[in-house]
Amino acid sequence: MVILFAEKSKPADIAKAKKILEKAEVDFIFQKSGKNSAFVLPASLSQKKIEEIKKLVKVEVIFLNEKQPFLSSLRYIEKRKKIKILNWKWEEDLLFFAVGPCAVENEKVLETIAKTAKKCGAKILRGGSFKPRTSPYSFQGLGEKGLKIHRKICDKFELFMMSEVLDRSDLPLVSSYSDIIQIGSRNMQNFPLLKAAGKLNKPVLLKRNFGSTREEFLLAAEYILSEGNDKVILCERGVRVFNPAAKNVFDPASLQKFKEETWLPVVVDPSHSAGDFRYVGTIAKSAIVAGADGLMIEIHPEPQKAFSDDQQALTLSDFEKLVAELKKICQAVEKRIE
Amino acid sequence: MVILFAEKSKPADIAKAKKILEKAEVDFIFQKSGKNSAFVLPASLSQKKIEEIKKLVKVEVIFLNEKQPFLSSLRYIEKRKKIKILNWKWEEDLLFFAVGPCAVENEKVLETIAKTAKKCGAKILRGGSFKPRTSPYSFQGLGEKGLKIHRKICDKFELFMMSEVLDRSDLPLVSSYSDIIQIGSRNMQNFPLLKAAGKLNKPVLLKRNFGSTREEFLLAAEYILSEGNDKVILCERGVRVFNPAAKNVFDPASLQKFKEETWLPVVVDPSHSAGDFRYVGTIAKSAIVAGADGLMIEIHPEPQKAFSDDQQALTLSDFEKLVAELKKICQAVEKRIE
Amino acid sequence: MVILFAEKSKPADIAKAKKILEKAEVDFIFQKSGKNSAFVLPASLSQKKIEEIKKLVKVEVIFLNEKQPFLSSLRYIEKRKKIKILNWKWEEDLLFFAVGPCAVENEKVLETIAKTAKKCGAKILRGGSFKPRTSPYSFQGLGEKGLKIHRKICDKFELFMMSEVLDRSDLPLVSSYSDIIQIGSRNMQNFPLLKAAGKLNKPVLLKRNFGSTREEFLLAAEYILSEGNDKVILCERGVRVFNPAAKNVFDPASLQKFKEETWLPVVVDPSHSAGDFRYVGTIAKSAIVAGADGLMIEIHPEPQKAFSDDQQALTLSDFEKLVAELKKICQAVEKRIE
Amino acid sequence: MVILFAEKSKPADIAKAKKILEKAEVDFIFQKSGKNSAFVLPASLSQKKIEEIKKLVKVEVIFLNEKQPFLSSLRYIEKRKKIKILNWKWEEDLLFFAVGPCAVENEKVLETIAKTAKKCGAKILRGGSFKPRTSPYSFQGLGEKGLKIHRKICDKFELFMMSEVLDRSDLPLVSSYSDIIQIGSRNMQNFPLLKAAGKLNKPVLLKRNFGSTREEFLLAAEYILSEGNDKVILCERGVRVFNPAAKNVFDPASLQKFKEETWLPVVVDPSHSAGDFRYVGTIAKSAIVAGADGLMIEIHPEPQKAFSDDQQALTLSDFEKLVAELKKICQAVEKRIE
């Protein structure tokens, strides 16, 4: 529940309401953004308590519909500066550019990838050590061994590290290595994981599930935001459709609409949308012209030998060619890749 | 059914097969493209006749699966020159740019629209006089009166005229006015209409139904092609999806795939995909970077007063701004708007 | 547009409004159902005319949203008796049971099918002589020759004849033979055909397009109703979905909802929903428990030799077994097959 | 990876292969079912190891595609007896009938519900104490307090307890109270949770995600099975579709297909498929005629006061009426509710 105070509410009245909540032993976060003030409660208040607050506070209090996103909404929250990642100031026109293999496999392969990624302007080196695989018989990731390799290569090439977490209990481990935490499509509504990620002071990249609605996606982000972590990066990667050409259809209008509704950055993963290396470029280009704040692309020196996602990774040379094309399109829409 | 001869087939044997078909009193078209020769039959042959041809001809004969597109396929047909529209040579890099109102309403409004369209580089003035409307209680078009206005304005501004036909029996009338015949989404599988359009010597723009598969779309085009008219222009306008942002989701990867599979030009209608003027620009831009051969955009001087589709038409000034942006993106991908 | 008069409107005022419409030379139908009176106009009136009627009539006049179904709606039209087909009174609990091949092929095959259909309680013998086929290279139907065979067999077995029409210009021919006119999924929004069917005094079975919304389906029916033909039978046959088991997913809740919204009978075609004979039974059973008013099932003595739809037709013996099962389920929900 | 031995493989060769795996320090499960023997490995083997086994074993060894379900497949596993739940033998024709509120709210409400459930033949009392809610501002469940109430009422009415787990780390707690563990749609691909559930010796009810394919669902079950727990119950609850009547469309043909492909019981949750109490009955009936092994239905004495899912719960009296109808349909298909 969100208790949003009217703009003209007096600080004294807000303080009074705060005391009621404290007395009720309810967890809450106080959110101040521009002229708006709000208490965000990770659970519903009883109707009785709501009446009590309304009576005592004597100010215009708006109790939001719990099914509406609040903390991510441009309607309630003033547009903030872009999320700062460690010491890197992410400027408005610069693409968040994350490149890497699907899974961390070994040091040599990752180093080759990192070299190309760096050369092409990537800021972030992605790669999973805990892999969510559709089949239990597929490669499941190297675990901590992979995290160590990933960290080492990121340090060597001065790239930010982004690694995926599948389960709340793995979060401390992954978080001790990785600069950015990735939460994948299949865990978009793993609410205990989202809440735990909300307690971190690290950027969290949250991917949209291919079967979820736009609102479900924003409310999943709200789980992280309502725990106090506002470094949330949304990542679109297409939805399930009858008879698609790519695996999951990337909808450019949907991306634009997210940019209009939320102040959170929205990046696109053309590799998982395409599910096929041949369509990665087209989707990446569409994402840029639709206003994406960044891209996440899978590359591999020998895709056919990759431990996973072999169909969708670009070869290093195809990737270099694509980046040259992407830079031209960036220019046309006043974006840039470093 | 398509009887495709092996490349090495002798002309004498092909002639023999032709005689068998003639004797059988079966309708067929002889198609020669590069090294390939084929008989295209608008119906199936009996198994007995197939055996007879196989026996007599004594050459390698391939009987294609009837469910595969043949005449539109790059696999069988050598890439031809772009379709020539009247005296206008449509070059590879130039966009087919069709602009206009949803429906022809009156001369004054159409003239205002045509002026802006011409100024912005459009070659074609679109506008329906027979309108396919979801509800019987909506405006159904001006009929022949509309066609006359449309023709007059096209002549004045030297624009090609494109008008929609809903029914086989209206084809002679519309065809006597219009340079390009449009067959809409709802009629994509109106087979008698497709066959009749296949007998014209005019370009036909065929729009994909929002609920059809990619293959159904190509086979609908095949109906026109198999009657002898090879001036077919495919038009994508999105598909039905759960929880879309726009009305029908435009899939950029699908467009690319059509361009890889067929030699037919593929244009995009961002207005009907969006169903909302706010998303028209984003979809148009995505279409260009995905390789579209053209665009079809609805504009209106006062969209809120339009007789139909008031939500999706751009105002004239918004359209001029958009064209400036589209031109920049065209440059980045080596396309152009005149 | 629909001009719905308030219940308390005086006949004199309604008569006055009628004159305004007549003077305006607008086509309209006067519809009286229970306490409601309405003028149904197959096109929109100008805002000026609307104001004129409002002023002169001086009664409460409600101008319906053109996007809402009106004539099919239980909200406006009092529940009428079931549609009478020729001399057959279709009672509430009796299933409209249409059985037959996909296409009429020859007299012998159709006779075999008709015999089984009759024996199993079918009232209607379906079978197309004009076939809407996805590919131009597939069998397109026997045309009038097929209609003659179809009529002969129907007369012999005392079954009603149902045949499909693809195009407005074929309607007089098919209508001269067939008792019930079928309009297929691909023609659901072939508006000239719908209007022409609305001028017949014969039952029209209208099938839902696999990519259409529920409202588009009802508004397609409205085209027929608004021309004066109220013998419209709706037919559900599933919608396009990602990763379906059958070809087009039959949604039992959607059927129930149609039954709640409209007084029109709603029958189900499990054969085209399934696209595979193995699922026909399950979908037929679901249709019955969901409240369907009828079923349409494809059968063939030798499905593998059928000219079309060979995968979805049931053999005669499988059909007989299925009917025995369907009868048990009918009993459980107080329906019956004759 | 699954190493499936040819039927004629000698036990000595299988034993040899086992030693290779042990030496390779790979985790594996040996699976014997009828004439088939297989090693199931929760991860892929290197190509080198695969060659080694092939060479040494000298028997026909089939390495299954890792993307195919194996342990759930009727193709490889002989049909086993139905899953035994505690001391209750679940016979072929008896429905698994789970009834209860969405969330455990308090003892009094749950007792009222349990009384009706028991009276109507339910065997299982469902109800969540850890709730997966789309919004962080919605009621999140009572936690352990709820589990205690749930256990107490189950003991009183001799009903099996089924409760949902959202996270691997909550599994020991919930498992210490509940007889059956529920894994919800949003966690269908929470792989660490699935693996942990695979180590239990308790029935696990796994719900299909509304955006997942049929194969993804079976492979999620495979995660539980491949860890050694074969008491897996699949639960269908519909998929996302454009323009549905209910919330998630229940596809009766898909249910039938699951029954043909897997030996696992497949139950249906009409409440979550419907998302609306008015459609629960129709979907429940369709599920029974399509061959469902069970039903899961939400009921509440005062749905409008429920803490969650207030739209979809049936009132107690509506539920009683529905059960009477379901029993009649069960009879028609030789199923029964106790």
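In this document, chain identifiers A, B, C and D correspond to the written order of the chains, with residue numbering beginning at 1 in each.
In this text, a residue touches a chain if its C-beta (ideal position, glycine included) is under 8 Å from a C-beta of that chain, and two chains touch if they have at least 3 such contacts.
Please read all numbers here as calculations on a predicted model, not as lab measurements.
J.: Trace the shortest sequence of touching chains from chain A to chain D and report its length in steps.
T.: 1
J.: For copies chain B and chain C, work out whether under half or over half of the interface numbers are shared, and give different or same accordingly.
T.: same
J.: Tell me, please, which chain's centre (mean of its C-alpha atoms) is farthest from the centre of chain B?
T.: The chain lying farthest from chain B is D.
J.: Rounded to a whole Å, what is the gap between the Cα centroids of chain A and chain B?
T.: Measuring from centre to centre gives 40 Å for this pair.
J.: Taking the mean of the C-alpha atoms as each chain's centre, how many Å separate chain A from chain C?
T.: Those two chain centres are 49 Å apart.
J.: How many angstrom between the C-alpha centroids of chain C and chain B?
T.: 31
J.: Taking each residue of chain C in turn, which ones touch at least two of the other chains?
T.: Where chain C meets two or more other chains at a single residue, that happens at 239-244.
J.: In the complex formed with chain A, which residues of chain B make contact?
T.: Chain B reaches chain A through residues 213-214, 239-246, 249-257, 273-274, 278-279, 282-283, 285-286, 288-291, 325, 328-329, 331-333.
J.: Which of the residues in chain C come into contact with chain A in the complex?
T.: Against chain A, the touching part of chain C is residues 240-244.
J.: Can you tell me which positions in chain D touch chain A when the two form their complex?
T.: Residues of chain D touching chain A: 1-2, 40-44, 64, 66-67, 70, 132-140, 166-170, 186-193, 195, 209-212, 215-216, 219, 222-223, 226-227, 239-240, 307.
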